[in-house]
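My structure is below; once you've seen it, I'll send some questions.
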Amino acid sequence: MAHYLVKSNGKEFDIVVKKSGDSFCVVVDGREQTVQFSSSGKSKSVMLVDCCSHEISINSNGYDNSRLVTVGGIEVELEIDNFRLAQLKKAAGNSNSQAASKKIKAPMPGLVLEVKVSSGEKVESGQTILVIEAMKMENAIKSSAAVVVKNVAVSKGQSVEKGDLLIEFE
Amino acid sequence: MAHYLVKSNGKEFDIVVKKSGDSFCVVVDGREQTVQFSSSGKSKSVMLVDCCSHEISINSNGYDNSRLVTVGGIEVELEIDNFRLAQLKKAAGNSNSQAASKKIKAPMPGLVLEVKVSSGEKVESGQTILVIEAMKMENAIKSSAAVVVKNVAVSKGQSVEKGDLLIEFE
Amino acid sequence: MSKPIKKILIANRGEIAVRIIRACKELGITSVAVFSSADRSACHVAMADEAYFIGEAPSAESYLVQNKIIETAKQCNADAIHPGYGFLAENAGFARLCNNEKIIFIGPKAETIELLGDKIQARKKAIEAGLPVLPGEEIDVSNASEALAKAKSIGFPVLIKAIAGGGGKGMRVADSAENFNESLIRASSEAKSAFGDGRVFIEKFLENPRHIEFQILCDAHGQAVHLGERECSIQRRHQKLIEESPSPVMTPELRKNMGEAALKIARASNYIGAGTVEFMVDSDMSFYFLEVNTRLQVEHPVTEMVTAIDLVKEQIAIAENKTLSFSQDDISCSGHAIECRISAEDPRQGFVPSTGTIQDYRMPSGPGVRLDSGVESGSEISVYYDPLFAKLIVWGKDRSEAISRMKRALEEFRISGLKTTIGFHRIVMENENFVSGNFSTKFIETEYPNYEFETADDKTIETAAIAAAIDRFKNESRINLQNGKSSRASISSWSLYHRQRNMKKFTGSR
Amino acid sequence: MSKPIKKILIANRGEIAVRIIRACKELGITSVAVFSSADRSACHVAMADEAYFIGEAPSAESYLVQNKIIETAKQCNADAIHPGYGFLAENAGFARLCNNEKIIFIGPKAETIELLGDKIQARKKAIEAGLPVLPGEEIDVSNASEALAKAKSIGFPVLIKAIAGGGGKGMRVADSAENFNESLIRASSEAKSAFGDGRVFIEKFLENPRHIEFQILCDAHGQAVHLGERECSIQRRHQKLIEESPSPVMTPELRKNMGEAALKIARASNYIGAGTVEFMVDSDMSFYFLEVNTRLQVEHPVTEMVTAIDLVKEQIAIAENKTLSFSQDDISCSGHAIECRISAEDPRQGFVPSTGTIQDYRMPSGPGVRLDSGVESGSEISVYYDPLFAKLIVWGKDRSEAISRMKRALEEFRISGLKTTIGFHRIVMENENFVSGNFSTKFIETEYPNYEFETADDKTIETAAIAAAIDRFKNESRINLQNGKSSRASISSWSLYHRQRNMKKFTGSR
């Protein structure tokens, strides 16, 4: 038996998994369901939840907690954690997630066409911060909130790879 | 530079391969051709022989000499050998191939429905030796030459796997 | 009054189950798959909305277990069962069982299946309805001398056929009195194992006939139409390999006559649903009733391609008690369609079944190409079921374009991991007699006696040889680099020779 | 007199090169691919009969180098060059160069491309030919105040368009005087980088127009026909995403009028070949000439599906100087076709391009489904070229069946390794306003402001959570078995916690 806490898109699922013959008995937030899980070639599996069929593929890297699960072609990103461990983390006030991402990274490889802000500048939500050209199209990178620019990591004419730091906010 | 002897279906090719920049210079039975070879995902490659395009996949197992090469979807089985080595083998009168295959093996998994010959029996070319049921069809296994049966390795009603010995000839 | 169907259990597997699930999805009908232990991760299970385990791999323990399927249909509240082809598709008992359990059987009524499934009765009905038939009669397998006498009175060659048969199983030709008895026993035993009924009958065997069949659709309100013919003469051991529509020898007049004949037997047997009336056509273009297949055929897509009518959706509409939305005059055929059956068989080894796991699976596509497939990369082809796993269908504005397009599509198709009939179809598409339309059901045995043909020409073999040489050169260069040697010339031939001999011991390869 | 073409060099890559190679194969014409260093093992190279390297990955160093392509065509003795769309397809200079070198350019004459490629001249020609146009004029980007005055006299909103443009590049809407100048500069700079020509003009911008275009075919002997319309209103930043034929708002009368208008401008510009006449249609169904695209369009397959006419083969026949084999009266459209463009973009991140290697690639298929694709499992999608890599096209007997079929096909499509627009198309197919046919070119911005939409519903997220839990359970069981432990309960949560923390250090994951 194992007990997990799965988070996705603001939702939490309390999931208990037990082996039950060839199948699994899965209790999701108190509701018990019978699940059959058959792997086929490569990363694909067929999962029957109380006989409802789903084509599944799961991309994970061992014990790392984030997963990209594809259900019938629809991608769902989620975090899975041992339930007790998740409780311990919560108790310990783990605040990793809040600390993160006051940075804008390049969403694609390309060429920086324009940088429209500088350090210390206040930007409004929706304001264009810089313009990147990729695949022959100009892409405006906009701010998603009202913030103050701490550091501009790139300059006009520079080539960037996907994931390169562009701008940091305060 | 390397020098090979390739055999397929009774044909022999004397092939010299040299690296030439990004390409290869290949001399086949004295004719020189320029070959570009690009591997793409998995086992597939695109091979341009003097700019004629071929989609290639090659199944091999390291140093073993037999290859199943697929050219634009058409399968070709062949043997490749180091040229000097092939000459040495010839000189040594290597007779492996002649010694082989006085046996009939199951061409598919199935059920032996009937055995129509017994040890010591003479069979004609084209005579039905046994009948195997597979995939709901009865398949008559016939002799490809006039031979004498040495040993019948299966009996009626027996299940066989692909490659199981069925009959040995003298 | 029509009653909408909301949930269909598909009592089948493979490409035809996938075909039916696709129709259900497009109609907004919930699809229910059933599966054996060999099919837990099969395409039809993954694609259906729901899926239920019904038993072990052998079909007698799963796909043929009527009670289990009925029980599953009741458990999941299915309104209807679609049997596909094969398995229970032409089993009158199963149709009756569905009826008793108030589940709609998507197919003709049990009585119709029973009547037409019995070849002797169907033949009688056809004669009554005024259809031309070949001389023939039922025989008693246990009475060899009487059987032989009957065969002689018809005149050799004769065709021995299972009375309960279909799909080429339990069918044998006897050329002469000498091989009559063995063929009779073989046909009867195959019939017994395939249909649980060893009865056979014999019929005059035409020397160079064409097999031409008509697709019919009949609603429950007395409307009946035909959707033109399919030419199915390219067969191997009475199993169709390539089908097309229209037939290269069809004339408007013959089509009218044969189509009317098809509708006559349909009406005489109170036919409801989709069905196929099969005929033999002699070289003088006279035609003879053969049998009625009371189900969807493997080759139904060629008719769909030329008529733009979706036969599975029409079957469902008829089962919903709807009236046909078109009359005979509304049906027009345009262009030309060809289907090649793609099976897990090795044509060069006499079409022996080939099993294994499909590695690469690259489907052909583009203009005018349709693939009905029940597998994908990673699928297992097991020994338990029919080796047919996909059907490649093309449409062209005329037969010539359809052939060119089929060639192109076959060239694009890639399957690795097992042997298939793709290469064989490529050869047939180049065959002069096929291209000219000049062929009969003897095509395969005449053109490819002993299945001797070469898929690879000299140029292709040379190209393969070059590829193997370059591949080995690259591997050796890599190994030498790994060993810190700058050139493979430093390995003597003798050491290579010994290394190879040692490798062989480990790999066990010949 | 017609002169048969025996060898065609395809001066393009990706899905359109594959599309043209397929036509060549079916016609028995030798196909020649050209490729950059990024495309050495691309599909179009593998499929063509011959292939020649023409330069480095950036298109300015390969697919756009006219002399290199001409030189290759001469080297391999190609009779003709097919430019596809994009790259050199609408380059009059290149068409002229082909002509000078006695290589057939498969497209209109250089003068026609030149005339219609210049939006200002094309507009004048349309007015002369009696086509309705929107108010508009050319402006001088360097004279900001004069430009603004002109914009004001037309009245905001105005559309700023590259004179040399196409494909939505160098196109911007200015709502008001405030954002006019920035939009002008952005449009002009994009035009300069895309077409080497920064000239722009402005035009009255309709508030809720539809984009409807007519496919035309004109031979060199004065015959000209139209093949009905394509509805292309579902656009994002002036790039089409979904196209269909017929338009849900078309009437036979409007089709006749617009079709005649399309043929008028074709005749006035001595058009030879396949082309597209684009119109804006206002909510009152009045229509205005927009431009002529002097090439095969991305969305040509929807026309092929409803007319059963192969446009690439017709282009080749026209280039061979043949007369059209059909007249306007012979053309009939049946059923309904829809195309979804499948691009390597992440719709939820504002459609940013996504690059990478395609891992799994499972194509949809079955009845009424066509996929025009330029990739397969293992293909690289690089930053160098257009993110469009495949087009999914379906045919249905009516719009409703076509939408259901598109949903079904999109559900079957699997691509892993990068983000695509498949999920977005699945959402659009469920959108009420799309389904009802009630939309304009503002559809995307109105329905999905800021591209906010959820591909996964609650049920799907729960299913994913269960799958993740079972997958992890199975992995942990396996690891425990390997460690010789019978149950994972023996690992304390604290040790798991520390183990995970340590793992994170190594994997570097967040």
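In order of appearance the chains are A, B, C and D, and numbering begins at 1 in each one.
The rule is short, and it goes like this: contacts are C-beta pairs under 8 Å (C-beta built on N, C-alpha and C of every residue); 3 or more make two chains touch, one makes a residue touch a chain.
Keep in mind that this is a model prediction, so the values were computed, not measured.
Engineer: Give me the set of chains touching chain C intersected with the set touching chain D.
Structural biologist: In this structure, the chains that contact chain D and also chain C are A, B.
Engineer: Name whichever of B-C and A-C has more C-beta pairs touching across its two chains.
Structural biologist: B-C
Engineer: So, what's the distance in Å between the C-alpha centres of chain B and chain A?
Structural biologist: 50
Engineer: Just curious, how far off is chain D from chain A if you go by their C-alpha centres, in Å?
Structural biologist: Distance between chain centres: 30 Å.
Engineer: What are the residue numbers in chain D that touch two or more other chains?
Structural biologist: 47, 360, 376-377, 411-412
Engineer: If you look at chain B, which of its residues touch at least two other chains?
Structural biologist: Within chain B, the residues that touch at least two other chains are 42, 44-45.
Engineer: Which pairs of chains touch each other in this structure?
Structural biologist: Between chains, contact exists in these pairs: A-C, A-D, B-C, B-D, C-D.
Engineer: Can you list the residues on chain C that touch chain A in the complex?
Structural biologist: The touching residues are 33, 40-42, 45-53, 76, 357-358, 376-379.
Engineer: Over in the complex, which chain A residues touch chain D? Could you list them?
Structural biologist: Contacts found on chain A: 1-2, 4, 6, 8-9, 11, 13, 15, 17, 19, 24, 26, 28, 33, 35, 37, 42-45, 47, 49, 54, 56-67, 69-76, 78, 80, 82, 84-85, 88-89, 96, 100, 107-110, 133-139, 162.
Engineer: Which chain A residues qualify as touching chain C in the complex?
Structural biologist: That would be residues 36, 38-42, 44-46, 48, 51-53, 55 of chain A.
Engineer: State the interface residues of chain D toward chain A in the complex, per the touch definition above.
Structural biologist: 169, 186, 190, 193-194, 237, 346, 349-350, 352-355, 360, 383-387, 410-414, 416, 422-423, 426, 454-456, 458, 460-477, 488-489, 493-494, 496-497, 499-500, 503-504, 507, 509-510
Engineer: Considering the complex alone, what residue numbers of chain C touch chain D?
Structural biologist: Residue list for chain C touching chain D: 18-19, 22-23, 25-28, 47, 301, 304, 308, 310, 334-335, 360, 362-363, 365-373, 376-377, 397, 401, 404-405, 407-408, 411-412.
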